[in-house]
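Across the two complexes that follow, chain A remains constant while its partner is chain B and subsequently chain C.
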Partner chain A sequence: MSELIIKNGYVFDPISGIKGDKADIAIKDGKIVEKVSSKAKSIDASGKTVMAGGVDIHTHVVGPKVNLGREMRPEDKLFRGDYRGGIVKQGYRMEMGYSIPTTWKTGYAYSRLGYTYVNEAAMPPLMAPHVHEEIRDTPILDISAMPVFGNNWFCFEYLKNKEIENNAAYIAWLLKATYGVGIKVVNPGGTEAWAWGENCNTIHDPVPYFDITPAEIVKGLIETNEYLGLPHSIHLHGNNLGNPGNYTDTLDTLKLAEGYKAKNKFGRTQVLHNTHLQFHSYKGDSWGTFGSAAKEVMDYVNKTENITIDLGCVTLDETTTMTADGPFEHHLMELNHRKWANCDVELETGSGIVPFVYDKDVAVIGIQWAVGLEIGLYAKDLMRTFLTTDHPNGGPFSRYPRIIKWLMSKKARDATLDSMKRKDKVIAATDLASMDRELNLYDIAMMTRAGPAKALGMSSMYGSLAPGADGNVSIYNLDAKKIPSDPELIEEAFSKTAYTIKEGVVVVQNGEIVAEPKGHTIWTKVTMPENLQVMRDIKEKFTKSYTVNLENYAVFDDHVYRPRALEVEVA
Partner chain B sequence: MPKVYENVGCPYCGCSCDDVRVTVSDDGKKVLEVENVCAIGTEIFKHGSSEHRHRLPRLRQPDGSMKEISYEEAIEWTAQHLYKAKKPLMYGFGSTNCEGQAAAARVMESAGGCLDNCATICHGPSFLAIFDNGYPTCTLGEVKNRADVIVYWGSNPAHAHPRHMSRYSIFPRGFFTGKGQKKRTVIVIDPRYTDTANVADIHVRVRQGHDYELFDAFRMVMHGHGDDLPDVVADVPKEQILQVAEIMANARFGTVFYGMGLTHSDGRNHNIDIAISLMRDLNKVAKWTIMAMRGHYNIAGPGVVWSWTFGFPYCLDLTKKNYAHMNPGETSSVDMAMRDETDMFINIGTDAGAHFPIPAVQHLKKHPWVTIDPSVCMASEISDLHIPVCICGVDTGGIVYRMDNVPIQFRQVLDPQGLLTDEELLNKIADRVDELNAQGA
Partner chain C sequence: MTLVQQPELYLECYSVTPDKFAGKSLTEIADLPAHEGKVVWKLGDFFSFSGKAGETAADTKIVVNGNVRKMKRFGQQMTDGEILINSDADMYVGCWMRGGKITVKGNADAFLGIGMEGGEILIEGDADNHVGSAYRGDWRGMSGGLIRVKGKAGNDVGTAMTGGTIIIEGDVFIHVLTHAEGGTVIIKGDVEGRVGGQLVKGDAYILGKLLYPMPGYKKVGTVEKECDGQTYTFDEYIGDLGERKEKKKGQIVWGHIYLKAN
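Moving on to the complex of A and B:
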């Protein structure tokens, strides 16, 4: 029986509504409790900020495309950072890589930022055993992974025939087969089109051969998700990412959720999570007229309660873009002409990888940077607006402290804007320079913990300091009553926690790894009546089209590490 | 009653077939029958229950003979030598599962040594090209379901990957390829008229060692300079170059499967680099993918596992302890051996004795040499210590990566009868090295 008490910190916990009051947080046997005995180990957090462990709703940290990115970019390892060059080896294993760190560095680096649970945003089902091998080798963090369904042949066929029940049975089966957590959709229909070298640029472009449109896929998957009552909503990367003028397609996509209501027992209220909204909020008809549509898109999001979003900020770094949106990566390679990897996956999905330099002296990139921050600053409900970089696409997760700085300080935003060569063009094409809003610590706690945990349907476990939640706590060297006027100190405080506590174990102290317990694999277990039609369809596809036998496709139980199931029952 | 195992993975080539049927004797010790598998795969399963298998480690004695010792003694011997060595090298992994490869990474990080895999002598040039130019690829099912043009360049699956053409490329009837071979155009580019060329629609007889020029010619056509081609390039007539380029440009979905005819003839990594550039050209007008014909059933594995562990797929120098370093030429096994830089050698899941140049083997042999392998091979017979382990896919399961990097879950069919798996053995060695490091610190 282990007991821990964190005393006298300024606590920010949106789930219990604590807004910076001094409070004690007690942990017993890995869970938050009302109180502990006098024998409990005590941590003095006076003058510090206390929040629940961070929750990343959308990141690419484990799996085949992340790893192909690591493999094809030895130069990414030359970014030495503080933890290379023979300076420090803090944990049991060495830490390598910058934009696409190794699994070990991923676990350590997230922990130093105070994050304890991350959601891998794209798992190709066929490659699920690979994802779970990497989860095994990622220390400390709890991890879930979302299988991709937006280009899946089963879903195409069921949804075309409006067979929601069959689609639901298939998805339930696949979540079990892959130990996946929810429904991810990437460029619906477009990646299947890319298998023939084509794309679906609007929600009404038909998918070659399958005779279904992205709009029908998205609506069908929303219906399926709510039929099942999964913890998370569908998690969507829409069509036409990254192009000038795409905000109208984004609004068309968001409107697909109209009329749907969340049905689940997990406290989730949205039916659609639109991820990395920054990449979908552009005006203009060419790179020359490129501009921000953050206001137009956020006006819609603000008034639409059944939608959540995350930012997908650009951090102005050299990074590695990677997505299951195969045609987009090919398009990006045609723009920057750097090396390009692609992997189309039979019957299911595809992916692409291109290194990218977000050079702040290029106007379009300065505008992208501004759009990401504008989305955060235009947001009225920060319980529906989450901080991400679409790691590593807009920049590495290790830059989250810098984004917090920008969101909390106009001075910091102005300083970055001032350093841009095309500053005037960026100012003219965006609203950022005229926005005075500065977010506070409670806002940040919503965007980085409470909000994402609620949207994932897991606020009873994560992102919360209420009794019963996992004992995941981060303590920052930031006096909530005396926020420093120098924004750099905000970034520094969020870069290295004073303490990160994972299930009651101190894993980081003064910014250094001191323990590395193993995390859990979070997945959704759906129990529903057997569907003979769907089982027959599955057998048929494996006999005729797959190159792996059905019996070897589902991840064997002994290849899943410390699983923790969220249970759903469908009558 | 004999027991039948279905959906068994085959530990032979990079096809990593997972549809094998193995019948095993009642006591789980003998393989009676193997079905669905090629002749070579059959032999590997049969070897699993061979009476000639060693089941205990053997340590070389002062008189040169080998004496059986316990696993505990072998683990202690290996850990002590690793702890003492300044630059030990562990090399191999074509025939181990990923769990073993992950444990090996742990051993060599703790010991501060070098770690390399068979890619260093086969598809290493592919890695070099991928570092420079990327890798537009797909899974094998995409080829089966979509491809209407197949190119084998410098590879001969009829012998090296016996079921490749029937399971994945030329013959299967896939979703959009219901007519199978009838509707596919097969092009084989090879200096020899191989058994694979024998089933091709077009055999392009490139001059040996001149593949780069032929790639260049195809790229010229793609860039609109076909008229400027000389009458013959690399022994191939201009008409045939234009004909093949036309087929490629008009493909619905094409795949190039290339092998060691490209990675280990003149040009090496540059051949792969330009092959990838040709794919980039072709993807402007059609859909094309490329795939390395990886040799062994899990030789893709170490590149995958070590990329997530260290960020590099091969040629790892972990002697710096705090960070990994990779520089093929400097940190590649054969180069280090030729310069006599390593002071201990662990050969695992391969046979460096048979595959390395003789001077490299002679240098390695001056220092302690451990072979971890289920079989007796040239490496095991010149070792100071031979530690037999389970055969992945026979005595133990585990995850392996097929040539298209699709993870395949292998199964155990035989009772290991006391043999350790690579993973168990290596983790015990790592535990012991950690203890020695702690005592020494």
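Moving on to the complex of A and C:
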């Protein structure tokens, strides 16, 4: 059908092992191929950097919590978009919202950055239909969503009884009922405790009534995940996020993965993905003694090969925090006195939303900024270290190019540090000022494409320029042989691609949207022998505890937008 | 500039500012955009222009003639210079203003001086609701400048205010300094009620009657204070007792309602 060849670019593809060589990338019928005919349309990428389309492993872009953020923050849109009368400079729909873009802006903005696939970080199962509607309304991108299980009553009861097979059958059922992709865990036990006004701050604090600990929940879900052989590992937002001194809880959490081996046919090698590690890597016992524990945490991560992490950087912007960590958001509201939304999702999870201004002149925030970058710079294996901001919690995803700049340029880091009012305190509490390491383009390709794709079990489709992968390619205006000495040019180059190609179609050219093809919903379809016990338990819970009927719970098949299943068979 | 044609709906006059006019010829000024709904017109479709713009905003004075009752956003984000409007104006006069001076020889509609940071606004007639307000949902309201309304205002004066001064010489309906963290509101007429709701910091001076005071304020004494150039005796109330308070040098910083003692 249609053929495209991208010629003469400097290619960075860690999956294929190409480290900046000049190579041609051929695409036919939406997939990367070895070669194409002479009739292929040609793009000249001479002097430019070519990577696979970006893969964002953790971002909050679609769903009820995201939309509540949009609704409660009109000021997030003030003077920040082409909002008047539908006159839009790029794309085909109104683009509004700085930290919580509309679904339209999300699709266009990610495409301009060269990202073609994003993984929605948290889907409340009961409200999955809303998530899928927003996926439908997000142009261009392929999107998956992870239902949350860390505060799920079924999981509590199965795991308390150590019934891994039953837990697996329930999760398989729920993945189909929600068209979800994998197992997300947020503040295990804590959000359920929040329904009682309490929390689980360490991995040993038991959940009220269910009397199961976060440690038992996490280990049980790891075992369930590997029993099923899902494409991704469990994806964990651990207990005690955001508090001084929490790095010890983080190490306790990470150690829960010891002894487990990944079992799957998708090439994934980790059993635990710990997300937005920056928020979990703090020393100190008060805001006054707050400091970076990035080194301690990364020392452990570096020697532990069955773990992956993502950064969760702070970008020093005004943004919106939103998470299923209900108690944390209440705590944040008490700290900054801002408006606060709180939601409970029966039997399943909860959420909280609070605006936050990351003022670089506040010492604690300068330290948080440093911690995020230190994690990237201390990392030994960038195939296990991914670039995120926990969008929008640490900052908007539109700042990914800025983070790339900071990781690639000590000069840029120093300039930001120098502009901080409390820079002496920030320097004293962190290591960043003395770190000379500068990441290169191959490192960035690992952190933003190859690594996340592999961790998600999707490297045969995304994050790769090997034949057979989807024809998603980003071409940046960066001469790999002559990286500019002005770091602002690095940020500029990653902010607007020369070309973004999605399944062989040019969607962005010179930073402008030129086409709007439809994306896919990625989900995991598990085929398992029928489990009568679990089916009975489900019917019982819906009769006794849920306020909705079982017949109305599952997402209708035709409600899901262009689904594409990753298939798993369990004996 | 003189009105030659009325818009069918309302015209958004965000381009009518000394900053946007400065250094431009009359033709360039006439070419500036003005939205009516989703259609973008030019100012020249509705106004004829005469005179000469200054080189900078500071030495630019704009006189608007004709009935601009249906025109919004005069002076949006201006930093200096002057605008004189010789009729009523619609909503958002002086919105997000940073400096300079606007005078309306008539009434102004809602959201007068929303998000003001500096400068001066004088309304010779009445204002409507949301004088010196914050943008919807924003916790950062008016932070500086002076708004004076010679007539009355509606509801919601100084919501989420953090600085600056608002003077309403007539009556005010309800909601003054709601959620404020600073600023001063002077009301020379009567106020129906709900003054200082959830106020962290800020001061209200009421020379007329406060019909329905709120329970979160406690009288602490009587003082003599100067208010817009005159000295009066006030009953001093502190509050909002139900809201968080900052401390300065170990002392609690209170918000105040000063009611003119009779």
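Everything below uses one rule, namely that the second predicted complex is superposed on the first by the 562 of 571 C-alpha atoms of A that agree within 3 Å, B and C clash if a C-alpha of one lies under 4 Å from a C-alpha of the other, contacts with A are read in each partner's own complex, and residues count from 1 in each chain.
In this section, contacts are C-beta pairs under 8 Å (C-beta built on N, C-alpha and C of every residue); 3 or more make two chains touch, one makes a residue touch a chain.
Everything numeric in this text was worked out from a predicted model, so none of it was measured.
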{"item": "Contacts of A:262 with chain B and chain C, given as first, second, both or neither", "value": "neither"}
{"item": "Contacts of A:339 with chain B and chain C, given as first, second, both or neither", "value": "both"}
{"item": "Which partner reaches more residues of chain A (counting touched residues only), chain B or chain C", "value": "B"}
{"item": "Which superposed partner A:78 touches (first chain B, second chain C, both, neither)", "value": "second"}
{"item": "First (chain B), second (chain C), both or neither touched by A:544", "value": "first"}
{"item": "Touching partner for A:556 - first (chain B), second (chain C), both, neither", "value": "first"}
{"item": "Partner chain(s) touched by A:432 [first = chain B, second = chain C, both, neither]", "value": "neither"}
{"item": "Shared chain A surface residues [contacts with chain B and with chain C]", "value": "72-74, 84-87, 339"}
{"item": "Touching residues on chain C, where the partner in the complex is chain A", "value": "12, 35, 37-40, 135-139, 244"}
{"item": "Interfacial residue positions of chain A with respect to chain C in the complex", "value": "72-75, 78, 84-87, 337-339"}
{"item": "Parts of chain B lying in touch with chain A, wherever the complex brings them together", "value": "6-7, 9, 18-19, 98, 102, 106, 109, 127, 130-142, 144-146, 167-168, 174-176, 252-253, 280, 283, 286-287, 289, 303-305, 307-313, 318, 320-324, 326, 397, 399, 401, 405-409"}
{"item": "Touching residues (chain side chain A, partner chain B) in the complex", "value": "62, 64, 66-68, 70-74, 76-77, 80, 84-89, 93-97, 100-104, 126-130, 133-134, 137, 153, 195-197, 209, 330, 333, 339-347, 350, 353-354, 544-549, 551-552, 555-556, 559"}
